[in-house]
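Pasting a structure here, questions to come.
A, B, C, D, E and F label the chains in the order they appear, each numbered from 1.
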Amino acid sequence: MPENRNLPRLREQDWPLVDRSQTPRYADVATFMRTRRMPIGCGLDIALVGVPYDFGSNVRPGARLGPAAVREASRILRRFNPVTKVDPFSLVNVADVGDAAVNAHEALKSIDLIQVTFEEIHAAGAWPLSVGGDHTIPLPILRVIARDKPLGVVQFDAHSDTLDEVHGSKINHATTWRRAVEEGLVDPKRMIQIGLRGSQLGEDDTAYGHSVGMRVITIDEYEELGRTKVMEEIGRIVGDGPTYVSFDIDGLDAASAIGTGVPEIGGLSPRDAQVIIRSLTGREIIGADICEVAPMYDVTGHTQLVAANLMFELLCVMAKAKARQG
Amino acid sequence: MPENRNLPRLREQDWPLVDRSQTPRYADVATFMRTRRMPIGCGLDIALVGVPYDFGSNVRPGARLGPAAVREASRILRRFNPVTKVDPFSLVNVADVGDAAVNAHEALKSIDLIQVTFEEIHAAGAWPLSVGGDHTIPLPILRVIARDKPLGVVQFDAHSDTLDEVHGSKINHATTWRRAVEEGLVDPKRMIQIGLRGSQLGEDDTAYGHSVGMRVITIDEYEELGRTKVMEEIGRIVGDGPTYVSFDIDGLDAASAIGTGVPEIGGLSPRDAQVIIRSLTGREIIGADICEVAPMYDVTGHTQLVAANLMFELLCVMAKAKARQG
Amino acid sequence: MPENRNLPRLREQDWPLVDRSQTPRYADVATFMRTRRMPIGCGLDIALVGVPYDFGSNVRPGARLGPAAVREASRILRRFNPVTKVDPFSLVNVADVGDAAVNAHEALKSIDLIQVTFEEIHAAGAWPLSVGGDHTIPLPILRVIARDKPLGVVQFDAHSDTLDEVHGSKINHATTWRRAVEEGLVDPKRMIQIGLRGSQLGEDDTAYGHSVGMRVITIDEYEELGRTKVMEEIGRIVGDGPTYVSFDIDGLDAASAIGTGVPEIGGLSPRDAQVIIRSLTGREIIGADICEVAPMYDVTGHTQLVAANLMFELLCVMAKAKARQG
Amino acid sequence: MPENRNLPRLREQDWPLVDRSQTPRYADVATFMRTRRMPIGCGLDIALVGVPYDFGSNVRPGARLGPAAVREASRILRRFNPVTKVDPFSLVNVADVGDAAVNAHEALKSIDLIQVTFEEIHAAGAWPLSVGGDHTIPLPILRVIARDKPLGVVQFDAHSDTLDEVHGSKINHATTWRRAVEEGLVDPKRMIQIGLRGSQLGEDDTAYGHSVGMRVITIDEYEELGRTKVMEEIGRIVGDGPTYVSFDIDGLDAASAIGTGVPEIGGLSPRDAQVIIRSLTGREIIGADICEVAPMYDVTGHTQLVAANLMFELLCVMAKAKARQG
Amino acid sequence: MPENRNLPRLREQDWPLVDRSQTPRYADVATFMRTRRMPIGCGLDIALVGVPYDFGSNVRPGARLGPAAVREASRILRRFNPVTKVDPFSLVNVADVGDAAVNAHEALKSIDLIQVTFEEIHAAGAWPLSVGGDHTIPLPILRVIARDKPLGVVQFDAHSDTLDEVHGSKINHATTWRRAVEEGLVDPKRMIQIGLRGSQLGEDDTAYGHSVGMRVITIDEYEELGRTKVMEEIGRIVGDGPTYVSFDIDGLDAASAIGTGVPEIGGLSPRDAQVIIRSLTGREIIGADICEVAPMYDVTGHTQLVAANLMFELLCVMAKAKARQG
Amino acid sequence: MPENRNLPRLREQDWPLVDRSQTPRYADVATFMRTRRMPIGCGLDIALVGVPYDFGSNVRPGARLGPAAVREASRILRRFNPVTKVDPFSLVNVADVGDAAVNAHEALKSIDLIQVTFEEIHAAGAWPLSVGGDHTIPLPILRVIARDKPLGVVQFDAHSDTLDEVHGSKINHATTWRRAVEEGLVDPKRMIQIGLRGSQLGEDDTAYGHSVGMRVITIDEYEELGRTKVMEEIGRIVGDGPTYVSFDIDGLDAASAIGTGVPEIGGLSPRDAQVIIRSLTGREIIGADICEVAPMYDVTGHTQLVAANLMFELLCVMAKAKARQG
């Protein structure tokens, strides 16, 4: 996004939120949650950023169109969270910084370009809340924000994404967390996977996570424990340290997430996701993403609506953490 | 509907239900639950009526097309309720009286015209079961049927609809219940709201209801209490007095109600709604509506199917009450 | 439709058209072109009737839902034809008489039931304008209205529908016109087929028509002659005698008729169809149908919109002929 | 499928599964779960077979297109069941044998042709796992595999399908189980129906099942008992004898099964279905079907995805039983 | 858009177009043709502006969502017009200024607010290229830009939009041009309507235009004259004076414009529209709009794609005119 | 497709076409035009082959799902071409050989794998008729079949696809023909491009073709010349030498080709394409492809239907050429 470089330093009041008392929600350019599209270097606390990358998918493509769809769906959101009593826009400075740079043809070149964008965001002191793109994208993000110290991770997902390689590829949406552990970006002891299920390539699909000490909660264990105990378990695992939340939309039941590359039946409900994310309020959530929304398979728009709502929940949690940090 | 004025007085047998043993459900003109399209003044007990009005929505329009869609979806229904053992068509005289009059351009003129139609229904001694239209429409309905005495209300909804004004407008789908209380049409002590949730404009969105003594059950409290206790609570609140049921389809989870102007995730299930409505059997339900079905966003037809089924449940409850009353 | 039998004789003014100056087009029960749903025996000149039958299709089913879809789509129509200057509703008495009786499981039983309905219409002195249903339905219709004398026929279609049998079946949507000729219902010398094209089962698919003297205009000949000459040819073939128009919607290019069982590319445009039908003004068109609209494949609603418009054009032509006849 | 008759006897290795390490899931011809399309007589243990028949439906047609849709949706499946630890493809020889023969026009002729196909499968020693088609198809299947001895049955369904006749028809999707009991194909004492609900034609819709001793679990009783107790009840009813599982997709809540002829709200979740089917592991499940998937109403593809996943669960259970019997 | 008022004066290079060699077309926030979202007062030559208003429609609502949809669809456009050899972005300063202010509930208040936005654009010296919104919106636009002198108009439309009133309303999408003539905003002698067709409310629907001297070209005359002669006629009528182009998308055949409130079959093709608009190159086109795109009825996205392309053609014509003027 | 290697040599009668008199078109596994799925090495004359590759697209992805969609759509086709009187299945041995091998993650590795598949087809003496995949795929195909001698090419397309590079990539769907000329696979003097149009990146998009002597017919010249003269021009250019036909579906007007990555309005009609392809009968067409069908954007199925029909036309032309050659 080099076009932003020459901009004058802007004060927040120069770029206010759209005035909600004047502008109907259907009006004007679609940005994430109707924030302003701003350049990265403007004193942001939290940067809402799209990552339109889907070369990491080996089934149905299309998550590259996810950021545009979630922007559109997020128009419907209002500003106040009645459960956690958080109004993120009054706590911190939030804006839509556009999409990370990508290359339209080469996968690894894109991974590098994505990293560059997050370097800029990180350098500007902002925490990233990203919308993918496929589930490869936590890797270049973590390469920036976890460079100094491995992070805890809360992963919502149907699939463990800890394979070693797929069709000869080491970096794709099914290998992300193995790479992240190997590169020291994630502390596997402070990582928890929630919602795993679905037919597998073989018996070992989830073995890596177990082997390095991740807490792996399949949908069966989730049901057995109940949501409340799972939330306690999340707290126990990630503790008070800096933590990243990665939400693969296919962690949700296909009834609420058909608009994705590899939907799986029998998963979490959006209500589950809302309540669990809210339970993270007070923890140090310094970054988050929602991945794998592929709008061409989402003909009712339901999946992108869910994603937009969960993005709002993640923003509330991050805003609280950022505001506390000052 | 002045076209009906000159019709001869009709006996019920002149206008039987479509003969279900002869006519497949997909055949013939679509009316609500395959009843006959009849004029209002024909000795009806319950009038099924559409209210094709959506000027009260300030987000996505389209609920004006709700009546047509629910009529089509309701073809699939049969006549007997196996849970409550009610066959409404054998208990009372039911027909589709068409749609309330509306003006295609002016909001307030439409509100007045709608009221005129319900005056006719009321004058003819029929109880109205309405399909909206947006959630403004209970106001003109209650102005007729609650004129003499404030009613109890069971409201299913994601949103409280008790704001004072929106963009300068006092009468729209977000202010209905405040107006109704102010006009003395609703007894707030006998009113209960179920399923409230979703991001809010601010902290006060639901404050009015609390301030006048409504029983407000958010989705969080709903989950905490459990459905059975909520049903007891409904009974406690509305008691044995005359009661109106207003079902904003967005009270349901977006997984079952994407076809609406402002869908919200994390809500009631259609099963919840069925069971709760059935629990009203025996109470004096003298009117009801289902609002905010906007079929252009309902590409699978699921939302309109749900609405048609809930309309049937409401009809069973009303038929029982009407039959008892004689 | 025996439910109609006991109705008092109704004067036209008792059942006026919906008052277009009051009721928006989206309001009230969907009938064909917003006419009233009336019983057959009420002094009608032209009966608009659905025939929800699709056992005659051997590819994609669904035309049984055609009448409901065309009713809904026809809401958008107004009353005056600016090209032919015909207002059919002021010329003749027109109403929607509902759907022909069918049996939901047995093909031949349905064919007989359909015929019964058209006997009633015919006995009442009304001319039928039908919406199918698959392209089998002209057979039971012609068995009534062409009983006394074979009719001329203008057939719009991609397929000749003159096979002898399909999978052992003699009465289905691919054999209609052979049966009709064999039964003496159609004068093949006064019959013209327009728009034939598409891959064939073999070389002989269209041979029967040629063999009995039908005028067969493939899309290639259509293009070669040009629309004007084709219209002259139609006039030459059908002349001044009583004529039936049968419009299989797949006669149109798939770009305007994807909502059908066997769409074919490279066909007539809706404009072609409009102009040709209008050119029949002044001829003795005593019956017509539009067949093979299958709305589940018509996700944009375009095909049903086209069908509704062509139904209006056919009504204008029939109304002119009926009015002249007195 | 007489075209297969002259094929040489094939060894399994000549027809391996598609090599999953080489071929992406979106590639090549769509067969059930990416097995090879093989002729029946090749030493198969379990035959995956489509039954493209829908003359038994009297509402919305289209289940004839179910097999094609489920084949396409099943691409996404992998080979290993992480819950039951079953890899069916390593346990038994499985292939897609194409579709049962049907007649495109005559219902009863089709029922006979379907039976012929299943005779071939049965004669070859294979157990059938079928995809309908409407819910008439268990009848011709059971006429083959239950000829010698009545089977136990686990039926997932919203509707009891035990009427005596519909519109004069004795063999259709609403009468299947009454016919099957009358013909001695099913032991009603070993039959259990799960998920019944929805409006009924009258009070007696489910009476037949009760009268012959079936265990009928409505959705209300299901909720009351809880899933675990229902699974115990299933075990108690079907015991260790040979059992057939019939899954009408409308047994599921319409939120996960809108793509069917008669969707019903308030039903089982896909998760319920998965867990219950898995609980059958170890029982003698010698045949199964999934019926009533009508893809033209399934615009998101969700219903067919659910069906494909449940087919996989059924395969795992059958493979385990077949391997044990081996 | 008062949020823009405090912005520093920006130089063009501070807000360049997205760098097309770096950013794929699917990336970043959707603006009209991937221009930057800029405040009005920044030295723009041509302002791309949405007008999300649809209270003027009396049939199917939804054009308020048109601007968002056309923004998204316009991503696909590139910058150079190979037929007219115009690169509008190199000729003039173009940006997306967001949407005109509207009131979400009151029609006439919205009309006034829209006018305020266009006053700002006009005061800043920019020419407006607007995307509606329904076809009422030319009225508030012309009230600004034609205040000093009536303009010539080229109107593409199926409907004349010259009625006197609809349901008592004087200002709506069917009365626009009568009002504009009455208010002296349009010189009817320099106005031409192209593509009129469709059933009419009565014989007089188009009479007003004729009575005041507009050139009215129905689709029949269009076909008779041929496109080339029509283009000459347009030139003859509008001449060299300042001219406004108003494109109601329903001027196009429903095959390319189903995504609109009142689609009509048998209309212009997108090719016709492209060629005719290009023929305006060199004329003084000082403003233009594209109206009536209602994306909820445009499930394939085709209509919005067409609208985006025609918007590009209009931009090329306006850019040429603006550049010449200096 | 190494799984096919061990198969016995099969005689044609062992693998007959599905018996069309017995099997309805909706039944059984979907293959191209209902041919059998066969291994490459079985004496085929023409191999129908999918190429599920879309890394070459830099806009909307999804053409990798094209082969599956066209297989499904091609069910509807029959065997005889009534215009050219060709029954390709009786002239030559045709089968569906499945999809070319691809790698799910790496573009260039896929290009190599695709080439391997076409080497096998070529080595077996079969001519390939391919379904993409994006428009990169002619390159690996031509690297096989044009290795010995450059071919003539008839390209239907909106875009010239002769850029030098895109985003640093030399091999993608916008550079195919420049690469093919540079590699000596195409004789530019015997190449003709038809249907070029749409906004361009710059003035030079089509310059390369001109510079090397291709015959470039934009849609404007197409319209000016008329279809007949264009067909003569095609004949003049390609002459009697071996020629390849490459059909990018976006060559068609978006009204018939919305299901593609970069649809363009104002293009060829399917009728144009049919007639032009038929005019190639008698020429030496030794290979062909249809590219860029992306079914997730083709919600009505129209684009894939068009593609299937054009595939049939190409097969007829190739079968005639192959049969003549012996």
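Basically, a contact is a pair of C-beta atoms (placed from the backbone, for glycine too) under 8 Å apart; a residue touches a chain by one contact, two chains touch by 3 or more.
Quantities reported herein were computed from a predicted structural model and do not represent experimental measurements.
Asks: How many links in the shortest chain of touching chains run from chain D to chain E?
Replies: Minimal hop count between chain D and chain E: 2.
Asks: Which chains are in contact with both chain A and chain F?
Replies: D, E
Asks: If I superpose chain A onto chain D using their CA atoms, what angle of rotation comes out, to the nearest 5 degrees?
Replies: When the C-alpha atoms are superposed, chain A turns by 120 degrees onto chain D.
Asks: Could you please state the distance in Å, as a whole number, between where the Cα atoms of chain C are centred and where those of chain F are centred?
Replies: About 39 Å separates the centre of chain C from that of chain F.
Asks: Centroid of chain B to centroid of chain F, CA atoms only: how many Å?
Replies: So the centroids are 55 Å from each other.
Asks: Of all the residues in chain E, which ones touch at least 2 other chains?
Replies: Those would be 22, 24, 26, 58, 60, 64-65, 104, 167, 255, 297, 299-300.
Asks: Which pairs of chains touch each other?
Replies: Pairs satisfying the touch definition: A-B, A-D, A-E, A-F, B-C, B-D, B-E, C-D, C-E, C-F, D-F, E-F.
Asks: Which of the residues in chain E end up touching chain A in this complex?
Replies: Result: residues 2-3, 6-8, 13-16, 18-19, 22-24, 26-31, 37, 50, 52, 64-65, 67-68, 71-72, 75, 96, 98-99, 101-102, 104, 299 of chain E touch chain A.
Asks: Residues of chain E touching chain C in their complex?
Replies: Contact set of chain E toward chain C: 58-60, 167, 197-203, 205-206, 218-220, 223, 253-255, 258, 262-267, 297-300.
Asks: For chain A, which residues are in contact with chain B within the complex?
Replies: Against chain B, the touching part of chain A is residues 20-22, 24-26, 76-83, 85, 87, 255-256, 269-271, 274, 299-302, 305-306, 309, 312.
Asks: Once bound in the complex, which stretches of chain B touch chain E?
Replies: For this pair, the touching residues of chain B are 54-56, 58, 60-62, 64-65, 103-107, 109, 166-169, 172, 296-297, 299.
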